[in-house]
Every structure is written in structure tokens, then in C-alpha cells.
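Across the two complexes that follow, subunit A remains constant while its partner is subunit B and subsequently subunit C.
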Partner chain A sequence: MSVTTAHNAKRMYRFDLTKRLVAKLHRDEAVIGGIGHSNFDLFTAGHRPQNFYMLGSMGLAIPIALGVAIAQPQRKVFALEGDGSLLMQLGCLSTVATQAPKNLIILVMDNGTYQITGGQVTPAAGGTDFVAVARGCGLTSAAWAADEADFERLVEQGLATDGPHLIGLKLDEQGPAGQTERDPAQIRDRFMRGMGVKKSKLVT
Partner chain B sequence: MQPWHEIVVEQLKANEIRLIPYVPDNVLKPLINAIHADPFFTAFTTAREEEAIGIVCGAVMAGMRGMALMQTSGFATLANVLASLPCAFQIPALMMISERGTLGEFNIGQAAVWRTMRPTLEALAMEHHVITRLDECGFIVDRTIRQALSTQQPAALILSPLLTGGKANPVKVGG
Partner chain C sequence: MPDAATDAARDWPDQIYALLKEHDIRQVALVPDAGHSRLIKRCLADNDMKVATLTTEEEGIAMLFGAWLGGEKGVLLMQSSGVGNCINMLSVPISHRTPCPMIVTMRGDYGEFNPFQVPMGNATQTVLEAMGTLVKRADAPEDVAPTVNATLRLAFNTYRPTATLIGQRVIGAKTFGK
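The block that comes next holds the complex of A and B.
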């Protein structure tokens, strides 16, 4: 078990971590990017049809990923959720712990702020430890990534073993590397094709 | 004739609606019990109605149809997520709402929040139907679900106290 704590975890660059994650996906794993910069960096890391970019509904990346995970238990599903967003829907960690989907991996993108709205500190600034919160909710496989190499190890472990898993990521202050194309109906359509649910001749 | 909850279960099964996340309500109890008793369904509680909408949306996009159950006050927490997720992304998320706050409500808070439900559904331009009669229940449930699925739009089914009996005041006025 990792001994990394919220205090000694290295502050890392979200776009770099996102690229490292995507590079490890070889089995059409689903990735749900939460509101704002979590999905901006996912999109900028290179569109995949198995990516879903959530453009509103702050806090719902994990519930959406849970729905995907329940519907397709053979597919690994990642949720990328910001700390501010998770604070809005903390109860979902209990739901995940109780439903215990083996194929769900949650990444908490903890930069301590609402970066997309101007970098205001979140109400968790007093020292909320999201990995400890997750453990308290019953998610026993929850750990802070010590650094980039440790993150890659945790992702590999998440892909290779039964979950649910939660990986806490302390982020630096760098902004997103790009922006998602805001076309919800197209995003949904591509994602459903990526999930093998929709077949259509309306391609080009 | 069958009770309303048996008719609902029948239509959910006929339309392959398997995933039922919910925040409970007393009036929904017989439906919730019937759903839990039937292995066809995957049903569980969520901490908030918003969460249930997220779960249903994710599942629908991955090929498993679902319906979130809630009461009127739960619906009142949803305008933002409905507008930005199932409405914007065109996802046929289904909702069944037990109608509290009218026809004999005893809690003024429930009565006040009840008045926000139809204006919200109308402002969202979301398909919704109120079920008041046993003989119309199956038809309305079936057709609303089918339309939502074939038009890729969310929809709400409202269970009126006229159908369910609602929840009457446990104490006589003045007594």
C-alpha cells in the first residue's frame, strides 16, 4: 500500500498526467472527463471515440462513469474529476463503494482551486484529504500518487486488478493545454459508437 | 385490475429499462419493493437525485436503459443537470416522479416546491406526462418511454395522487 500522503505527494502537471494515462489505454477503455479542465486536457491529449467530455452538470463525471461501468462490466472505465467538482457530489463515493464496480477507476484532479472560474480556493482549502475521504466512504483501494512514475504504476494496477480504485493527484498551477470542441450531441454520438452501442451509416 | 406499480414494472420490463437508481419516497415504496424483488432490475439508492441522473445517462450511452425514481422535491434539485446533460447531449434519461405537494398535502414546503415542477419541465421543454388513472397508466408509461428512446430525449413521468392515493395527512386538522 502506498504511504504517500496529501502533504508529500508531488504536485504534477495535469496535461502530462492525462497523456500518460491515455498512453496506457489499449483496450478501448472508457474515459469520462469532468467539467472544465479535466475534459479539456483529455480532449487535447488526442480524441478517442471512448472519451466523453462532460460540458456542464458539475460533479457528475463519477456518476456517469459508474453508469457506464455498470452497463459494460467487461470494459475498464475511468472518471477524471476535479476536486471542486467532487466536493459538489461527495456522496457519489459512497454509492461507488456500495455498488463496487470492479471496472471503475476514479482520478481526482486536486489543484486546490476552481481553476476554470479564476483559481479561487475551494472550501477544502483547510486540508480535506480526498483519499482519506474516499477510504472513509468505503473505497479501500484509494491512494495518492507520489509522482509521475507512481501514477503510472497505479494506473497499471487499476487496469490489471479488480476495483473500484481511486487515485488522488496533486496538481500544480498550470492551466489546460487546449479546449474541448463544445458540441454535446456530437460528443454523445461518438461516445455511443465508441462504446459499441450505436451503429450508423451517418459517418461523414 | 392490477395495481399501478405492477403495471409500471410490466412496462419497464417490456421496454428493457433495467437500471433503477433512486432516492426513496413513501408513495414509491410498492414500486421500489417490486423492482428490488425482480432480478431483471439493477436498483439502488443514490445520495442525490443528480447522481441518479448521471448514472442513468452514463448507462444509456453504454447500452443499458434506465429510469431514476424520486419525489417532487428531488426533481426540484435537478434543473441544472437536466439542462446541461440529458437535454444538451440528447440522452433519453427517464424519470419517474411521485407527486407530493398537492391534493391533500400537509407539508407547506412540499406544497411550495410542487409549484416549481411543471414550470421547470416546461422551461426545459422536456416531455412529461401526469398519470392519473389506472386504465391509462400502461399506455402512458409505454409510449413515453418509446418516444424518449426513439427521439433521444429525456422524459418525465409524474405519478399523481389520483393514481397512487398519495400521502394523506396522518393527523386530522385541529385534532
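The block that comes next holds the complex of A and C.
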């Protein structure tokens, strides 16, 4: 049996992976798109009421998803976080491992760069392996996706079994397929309606 | 016979806990501080509260936000030095117009012995207010509960970050045995 590592995982196209993820969601799963191109591609893949797009403050997609996952234990919650963002808040992996929400699935979108600011390499260029870091933090269900088919298998496994899970995705250099509309209050309002926690007559 | 002031001097952490229950707080995010230790013990013993000890206060601002998105109320407990750690993250409740109540135990404030605590302690209220937080102080034990109540009500009724600063005069200046 071969083992997928940070070195032999196929470098894949973020927008393609995002579309593959969304195509697997049939039970109103929540998806928290992290700052930058992670949420751009989530938005461009087609808005869902259960999508949240983080427009600012690096490193918070996973802690936000943790709060949602604790509040709604019956719903699967995905966090899409870039490698640069995760580096700002690596400690949150320990917090998640200790809280151990069964319904949380973290996707690390690792292109090795700050793509949105011009593609500068991150300080992890020396060889940080985010799946190994996650395992070291106590997230035992952490794996690199070998290729697109393996990613789909890992998403299905995440949906079907108790987590928390973490899936590492090595990305190619292609940019985002679009941009998210920038109205944070509206994004928050729509997401809360999608979560079924806001029932207001102020609809249209 | 103890009067109300001496009861408050002893019981203000229990009074905060009662307020958290009254406001149906379900998620308690914290970086520990000695001033909050009694309150933290009460929260940990409560099966209806999920207590998350954080690696940095920044996580707490995001976790409270996620809680609100998912339909639960949360509160962030921290020391004044932690306020400095999470200032940029206050953009989250401001931009999304969501509650973010913080209960802050002060250091560098009244009779502080550690010079390192003074810069951030002295700046805590100014910095929070610069980021749009409604800040109220409690400098006497009997003022803690009404001030925390105001902080919770302002957050959940008006959708913004709010903070109670519990002065070191209430907590007692730490000496580490000196």
C-alpha cells in the first residue's frame, strides 16, 4: 500500500476540487470558506444558503466552523482554509482536537503561497507538512488527498463517519475562477437563514 | 451579619455565572486568568455549557461568531493582555453586526507588581474602544454583576462587541507571594 505524503500528493485545481466537494453535499452541510481564494471559488461554484464567505481576518475559518459545529451537532460543517491562513492560527488544530466535534471536516488548501498578494511563498516553504502538524496536534483522522478521486473518497468518508477529519490538498498555481460579493452583513444574514436559526419577516 | 457589599466581594464570580445562565450562554471561550478561575470552574461543571480553552484569544472572537451563526450564544473570558492579542479580529463582529461579549480581568491596573503588564493594561479600554467596542468598567465587587449584565444585554440586543473590564481593585493585585 502506498502512502500519500506532502511530497507525492498530486497538485490539483482548487476550483475543480471545490466543485467536487459541493457536488457531494446533499444534506444542507455548512461550508465556511476561508479568507481569499478559498471563499472566492466556493462562491463561484454556486451559492448555497449554507455557505459562509470570510472576507477578512486571516486564520479564522476553522475557529468559526468550530463554533458552528458545536452549535449544530447534527449538521456536518466544512472549513476551507488556505495554508497561509492556517499558519496564522496553527494552534486552532489543538483546540479542535481537544473539543473533538464529530461533525467537523477541515480542508487545507495548500498552494504554498500567498496567491492573492502576488504568489509570495509562505514561511512553510521549508517543508511544513500540514497533515503531519494536524496529526501531531491530535487530529488522528488527517490525510493528504492523492488525487481528485482520492479527495472524493475522503469527503465521502468525512460525511459518513465521525470526525473531526482533516483533508490536505496540494494545489497547482491556477488562480480563482471568480470573486465573492463583498457585503459581510448580508453574507452573515443569509447564512443564518441557511442554518435555520434566523426566521425574520424582513426577507425581501 | 454580612452586608451586600461583602457578599459581592466574595460572590461576584458566582453572580457572573448566574448571569451567563440567565442569558442562555452555551459556549464559553477562554484563555485562563487567575481572576476568572472560580467562574471557569463553575462553567466547566455545567453540562449545558461547552467550554473551550483557546491557544489565543483570536480564536475566541471567531468561535463566538460561529456560535452565533449556528444559533447559540457565547462569551469570551480573558485577561487584559489577551485584548491586545485579538484586536484585528474585532473586525469580524463589527463587519457582520454580531454580538461579541467579553469579560476581561484587568492586569497592569491597580497595584500591579509586574511592569510588563502595565502597557497593555493601561491601553486596554482605549484600544477596545478604538475598535468600536462598548466598554464598561467595574471597580467595586458590587458593580461587577450589573456591569456584566449590561455588557451581555448590549451585545445580544444591539449586535456589536461589548466588554466589561473587572478592575484589579476587585480581583486583588497579584503578588506571587511577595
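As a convention for this text, the second predicted complex is superposed on the first by the 202 of 204 C-alpha atoms of A that agree within 3 Å, B and C clash if a C-alpha of one lies under 4 Å from a C-alpha of the other, contacts with A are read in each partner's own complex, and residues count from 1 in each chain.
One rule holds in what follows: contacts are C-beta pairs under 8 Å (C-beta built on N, C-alpha and C of every residue); 3 or more make two chains touch, one makes a residue touch a chain.
Keep in mind that what you see is a predicted model, and the values were worked out from it rather than measured.
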Could you check whether subunit B and subunit C clash or fit when both are placed on subunit A? clash
Is A:195 contacted by the first partner subunit B, the second partner subunit C, both or neither? both
Classify the contacts of A:45 with the two partner chains as first (subunit B alone), second (subunit C alone), both, or neither. neither
Does subunit B (first) or subunit C (second) touch A:71, or do both, or does neither? both
Figure out whether A:17 sits in contact with subunit B (first) or subunit C (second), or with both, or with neither. neither
Using the touch definition from the top, say if A:59 reaches subunit B (first), subunit C (second), both or neither. both
Subunit B and subunit C contact sites that coincide on subunit A, given as residue numbers: 30, 32, 52, 55-57, 59-60, 63-72, 89, 91-92, 94-95, 98-99, 184-185, 187-188, 191-192, 195-197
Within their complex, state which residues of subunit B touch subunit A. 19, 42, 44-48, 50-64, 66, 80-81, 83-85, 88-91
Once bound in the complex, which stretches of subunit A touch subunit C? 30, 32, 52, 55-57, 59-60, 63-72, 89, 91-92, 94-95, 98-99, 184-185, 187-188, 191-192, 195-197
If we count contacts the way the header does, which residues on subunit A are in touch with subunit B in the complex? 30, 32, 52, 54-60, 62-72, 75, 89, 91-92, 94-95, 98-99, 184-185, 187-188, 191-192, 195-197
Residue ranges of subunit C in contact with subunit A within the complex: 26-27, 50, 52-56, 58-72, 74, 88-89, 91-92, 95-98
